[in-house]
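Just dropping this structure here.
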Amino acid sequence: MADLPILLLNSFSYILVLILVAMGLVIIFGLMGVINMAHGEFFLLGAYTVVMTDSLGIGFWPGLILAPIIVGLVGLALEYFCIRFLYDRVLDTILATWGVSIAIKQLIIIFFGPAGLMVNPPLPQLVNMGLIEYPAYRLFIMLASLSVIGFTFFIFLKTDMGLAARAVIANRNMAASLGINTRQIYRNTFTFGSALAGLAGAIMAPLMSCDPQMGLGFFIPAFLAILVGGTGSLSGILAGGMVVGGSDSIISYLFSPVSSQIVVFTLAVIVIRIKPQGILGTKRNE
Amino acid sequence: MLNITNLHASYGGSRILQGVNLQVAQGQIMALMGRNGMGKTTLMRTIMGLLRPSSGHIIFDGKPIQGRQSYKISSDGIGYVPQGREIFGDFTVAENLRLGALKFDRKNRDIPEEIFDYFPILAQRQDQLAGSFSGGEQQMLAIARALVGRPKLLLLDEPSEGIQPSIVDEIGQILKKINSEAGLTILIVEQNVDMVLEIADNFSFMEKGIIVHNCPVQEIKADESIITGYISV
Amino acid sequence: MAFILETKDLTKQFGGLTAVDKTSLKLKEGGLRCILGPNGCGKTTLFNLISGCYKPTSGKIIFAGQDISGQPVHLINRAGIGRKFQIPSVFNSMTVEENLRVPSSSNWKPSLLRSKNSVPGNRQEILTLLNLLKLTEKTNELAGNLSHGEKQWLEIGMVMASKPRLMLLDEPTAGMTAAETNKTAQLIHQISIETGISVVVIEHDLNFVKKLASRVTVMYKGSIFREGNYEEIQEDKDVQSIYLGRKR
Amino acid sequence: MERKINVHKRLTSFFVLLAVSILVLIGSSALAGDKKSIKIGVVLPMSGGLELFGQQGIQGAQMAVAEINAAGGVLGGHKLELIVEDNKTDPKTAAEKTKKLILKDKVTAVLGPITSANRNAMLPFINKYKTPLLYATDYEGEACSRYLFCYSAIPDHYIKPFIPYLTKNYGNKFYLFGADYVWPHKMNEAIKKGITDAGGHTVAEEYTPFGVKDFAATIDKIVKSGAEVLVLTLPGADGQTLVKQMTEFGAKDKVKIAFMGFNDNYMSGLTGDQANGVITCNHFIQSLDRPEAKDFVGRQHKMFGKDAIVSFYADSHYGIVMLFKKAIEKAQSVDREKIIDAMPGLSVAAGNGQVTIHEDHHMTLNMLIAEVIDGKLQMKKYIGPTTASPQCAGKL
Amino acid sequence: MNKFAFISPNGRVNIIRIFVLIALGCFPLLQDAYLLSQLTVFLVYGLFAMSLSLIWGYGGILCFGHAVFFGIGAYIMALTTKGMIPGMTGIFTSTLFALLLSIAGTALFASILGYFLFSGRLSGPYFGIVTLAVAVVAERIATKWDYIGGFNGLTNIPAFSIGGYEVLDPLVLFYVILGICLILYLISDRIVNAPFGTILSAVRDNEDRVEFFGYNIANLKILIFSISAGIAGLAGALFAVAAEFVSPTILGFSLSTEVLIWVALGGREILLAAFLGAISVRTIEALLSDILGYYWILGLGVLFILCVMFFPRGLFGQLLSNKPRN
């Protein structure tokens, strides 16, 4: 049973990162019905921001701050030049954002080349936690993810901006009639969701190979987490992340990563089939 | 205060408003009456900017507002209480009220005290989920929420629908009070004749997308058959 | 067994709200019936129950002697109930003729490979229908390009093409001009008389109801409030007071 | 409405123009081509994920061709010419490009690709049109065809010298972890046998799908297993991710990482700390401290700039082009069949000493063991000529 | 006014159809063996694109994993003709039987998958994402499954043979595949113009309305899904013959999305437009991708975005539509 704490920590850190990645995706989808297929590439942009600041000698930490800002601006531009024309064509937003994902990935290849790039580990030491030693940076990631997730919940549940956004989700016309600029809310949300993806990419950059294909690795599990958790409420993603991330880590540990991927996929498809609204989603009608 | 001329609007190709002319004077309570499906709600939605008029003018407070976005119209000073109230059931009372004030600068977002004077029940139950309220309480909340936005003109769409008669009376009295104390102009769509006879100054009747008759309340009190002709079977 | 449709204590609740409350409605085969009532009285919910959109909370719907309550939408339609929606629901990207072909495909198993023009009888029916709807000239026009009134007629035609025994029409004249409303009244009258299809209409336009000269059912708070012919209803003081919001 | 129609008109005329220009292109390209040159088609990835390796392969081939041509070509003045095609790391594109090179450009031989899947997709055409395929990437072995020549380290090449070295220096308990596809499976099959032969034992053998980004659970398992050596057959980005996370967890102090296929390309993605201690077995590394290697790297840098990475891809692609040239000279003909018959037995001095191609169309290579020390991939032990067991008995 | 105003839309479309057929039929006159073999494969892609158009353009169902069916068809073809399916020998390894089996097997798989998804009323973006997941899983399984070649795939697939006669001549193979494409085009065109096609378009426009006419929407969708998959499977089988190999990449995410681009650019709502979309994108790609290098994919991505935003009917869609403008 000495395995348990580390297994839990490992699962927990994967779950938190998964939720962090999925969070941006789900608030955009929940609010606007837009599936942002370029989310993985926003993650990529975030990671490359850190790669750049690190190689320019500015270091990792400023990059971590810069990444969400830059990626947020990219998201803003995408919303302004593309997404807002497609709000009433939901399926087409999937296609358009997917085109964007192709373009961003290709731009990265053109500018940075196809090779994996490095980021100096910002916190290389291990922390002694009594029973076990655990990498400091991973603890930081958990803490950072937790606070970003908490911050997002705070924004949505406790601030005026979040109140307005929730009102727009619940009843767009009524919110507009109360003087809330729904367009603005959409734009802010898209920007915020993009910034979250950028932040997630920046946070993960020291831990994974930073190459142009890195976005996909989190994108698909994040999607499954959303589908499993349901899109109706923000807390759905917590449940979805827990189920997908947790089962993935545990099966990886007990069996192998190959079986865990197949099991998680199958599990997700079954959940989606039985509860199309997700485990925390509520069914429409009756 | 509100001057609508020759307003046309369609919904899904269906021509609902076919040339509406309507004037509401400052400080007045105007009742808009007519059968279902005649375009009253559509008119409200069009004034509020939720539906784009195909032609015609809406002048509010001396300024054309037709075709403006809803949130701007709200900021111009029109409050809206839609049919079915559309309060945010999953939000608390306080949040619902705060939503009405979000259009203001951060420092002006306080809920005016007099709101709770008009609707004392809301003061006690600020943290309760609005969805748990009864119909009448929800209606009060919806009106209060609109008032938080400090409108010059309040649009009310069937406030008495699905509400027990005693509360309808209460709401009517509160509206009258707000009208006389704060000078709020009100345009109310209503089927409950007793209530509007009590509070309205003027009546307009709508049929097939146009205003077919205008008259002051006295005229109706003198001859109720006017009303029956326009809204009953 | 003279009734084509009979609802027995039909009830539908949404959460705490009872939209339709123990409604017992009886319709004779081949008749025309208007349903009136103030907003929120449960008319459209009643239609949704009969056509299978909603499952009833309790009560029964008997159609042509069969209990159809709780059946899926498509089976209820196959049993012989056709419905027109309030907002015209035609197939915008298809031509008028194609729109009319949708319901007329035999046995709901549309032929995969047979040319649509190879069935002369079918074609003849569609031409007759187009003629009845006065849409012959628009045969090859996209339904999306029709005027609002024309869309409404087209949808009525589509429902007819599905050869129902009972047609439910939800506000067929909403958003129509006076002239279009008149034409619609004639059309419905004609359908009712010539085809023997039973027709139930939800309507607010009293001139229209008057023109149809049908029996009228007034609903209020989810139940049937009155039944009678147009004149009886018009003179009924209680009906007037519910419309004026005076009924307690 | 009017504007839309205009746009559409323009689009239509655009497409007409495009069609015309395509036809012109097709027509004109048919006329081009120098009669005296011997063409080698190159099918390597320049996009799609493995473009880095493709680029280095091309570097090697280009230098070989440049040197041959500068020395007067082959057979009294025939110049070699490379026609490079991008296979996008995708089998169906690789097959298409092979067809193009053989049918349209009428190349004498094809050089490439990187992955086995691409090679398999190309082989049908290679065989059908009887054109030699010069394959210069390490792979799992047992690919046999009269028309296929492999300048490749196959599992035997590594296992023979490397596993005994590992057991001797780092321990007996092995954990095998690889990507879930053919090469790692075949490698591990051979590695397990090598481990048993060397008296060690395999604690676990495990695979992971492509694209997994969090290996925490696996790393924990590896450490707990008590293994002394982790043999990685996890190429590319995922391998880098694993090494990064091993470092993060401090696991590298407990388990030695023997990373199969690790080469100079991996260094850019890892910091010195992360890469230090990773040990591998290969037939060429950029920092190889031997005269011919230094010379080779120098020539590469002269041609492609100081920053060019000179990995074994550059060396092997250079070497196989040189072998091909020798075969033409030996055959005294540009006839493909004669060239093929001339190939076996030829030797060439590439970046790492004399290497020889055998009857089974596979090579004797000079292997070496290298380790990352102080952030640089450095030679640890030179092993020298290593020959794999015969691959294609009766299959050619 | 439209410059084709002097002919009816139907006439215009027929002229283009005949023109395309003649152009393709006369193509071998160019006497270029390479281009011919390329076009042979492009025809297969065209057929594949057409199958996607059938379900996406006509049925309104966005399938993000259509390559699964293409791949399954290809694998069935390869396994059958190589005699790798246990118990199937002799006549059962013939090309024609394999073709039939590819169609039937793929359609069967699609109907099971379709039953699973459509009867759960999965639609819109959810359906797209689930099919995407199916494609990823399928590629995963094919990569892992050694018996069917694993990551490296299968090669040495026997040539197309009809009644013992092997089609080794690329020219004959081209005409055989062109013929099959033509037949499938005619069949598909018939389907979309038959009563079933009418209902299908109706489902795309307004699913509820169709249900209220007594149709079982789930069954209709399963049927078109299976037909579309069957055609994709046939295209895959032909690919296996024409390209002489199969590998996991042809049933995964990347080909699934490539075919979406072809169809979106060509015009999803018209079979021929989708077909031409595939052929022209592949042709331009073959010509330009080497010249433009990395910029080719960037350009394709941008073109795709613009097309989705401004030409939802695709570049050939309006030209080939015989319906009045909307």
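Residue numbering begins at 1 within each chain, and the chains themselves are lettered A, B, C, D and E in the order written.
What we mean here is this: contacts are C-beta pairs under 8 Å (C-beta built on N, C-alpha and C of every residue); 3 or more make two chains touch, one makes a residue touch a chain.
The structure presented is a predicted model; accordingly, all values stated were derived computationally and were not measured.
Participant: What chains, if any, are shared contacts of subunit B and subunit D?
Facilitator: Output, common partners of subunit B and subunit D: A.
Participant: Which chain is most remote from subunit D in terms of Cα centres?
Facilitator: B
Participant: Which chain's C-alpha centroid is most distant from that of subunit E?
Facilitator: In terms of C-alpha centroids, the chain at the greatest distance from subunit E is B.
Participant: So what's the Cα centroid distance for subunit A and subunit E, whole Å?
Facilitator: 33
Participant: For subunit C versus subunit D, what separation do you get between their C-alpha means, in angstrom?
Facilitator: 72
Participant: Report, in whole Å, the distance between the mean C-alpha point of subunit A and the mean C-alpha point of subunit B.
Facilitator: The answer is 43 Å.
Participant: Counting only residues that touch at least two other chains, what does the list for subunit A look like?
Facilitator: 109, 258, 261
Participant: Which subunit E residues sit where two or more other chains touch them?
Facilitator: Residues 140, 144, 294, 297 of subunit E each touch two or more of the other chains.
Participant: Taking each residue of subunit D in turn, which ones touch at least two of the other chains?
Facilitator: 47, 180, 209
Participant: In their shared complex, at which residues does subunit E touch subunit C?
Facilitator: Touch list, subunit E to subunit C: 187, 190-191, 193-196, 198-199, 201-202, 204-206, 208-217, 220, 227, 323-324, 326.
Participant: So in the complex, which bits of subunit C are touching subunit E?
Facilitator: Against subunit E, the touching part of subunit C is residues 51, 73-75, 77-78, 82-83, 85, 89-95, 98-99, 101-103, 105, 108, 110-116, 140-142, 144-145, 158, 162.
Participant: Which residues of subunit A touch subunit D in the complex?
Facilitator: Against subunit D, the touching part of subunit A is residues 3, 6-7, 10-11, 13-14, 17, 109, 113-121, 124, 126, 133-135, 137-138, 204, 206-211, 213-214, 216-218, 249-250, 252-253, 256-258, 261.
Participant: Per the contact definition, I'd like the list of subunit A residues that touch subunit E in the complex.
Facilitator: Those in contact with subunit E are residues 33, 35, 82, 85-86, 89-92, 94-96, 98-103, 106-107, 109-110, 220, 223-224, 227, 258, 261-262, 265-266, 268-269, 272-274, 276.
Participant: In their shared complex, at which residues does subunit D touch subunit E?
Facilitator: Listed in rising order, the residues are 5, 8-9, 11-12, 15, 18, 22, 25-26, 30, 46-47, 84-86, 90-92, 95-96, 99-100, 102-104, 116-117, 120-121, 123-125, 128, 180-183, 185, 209.
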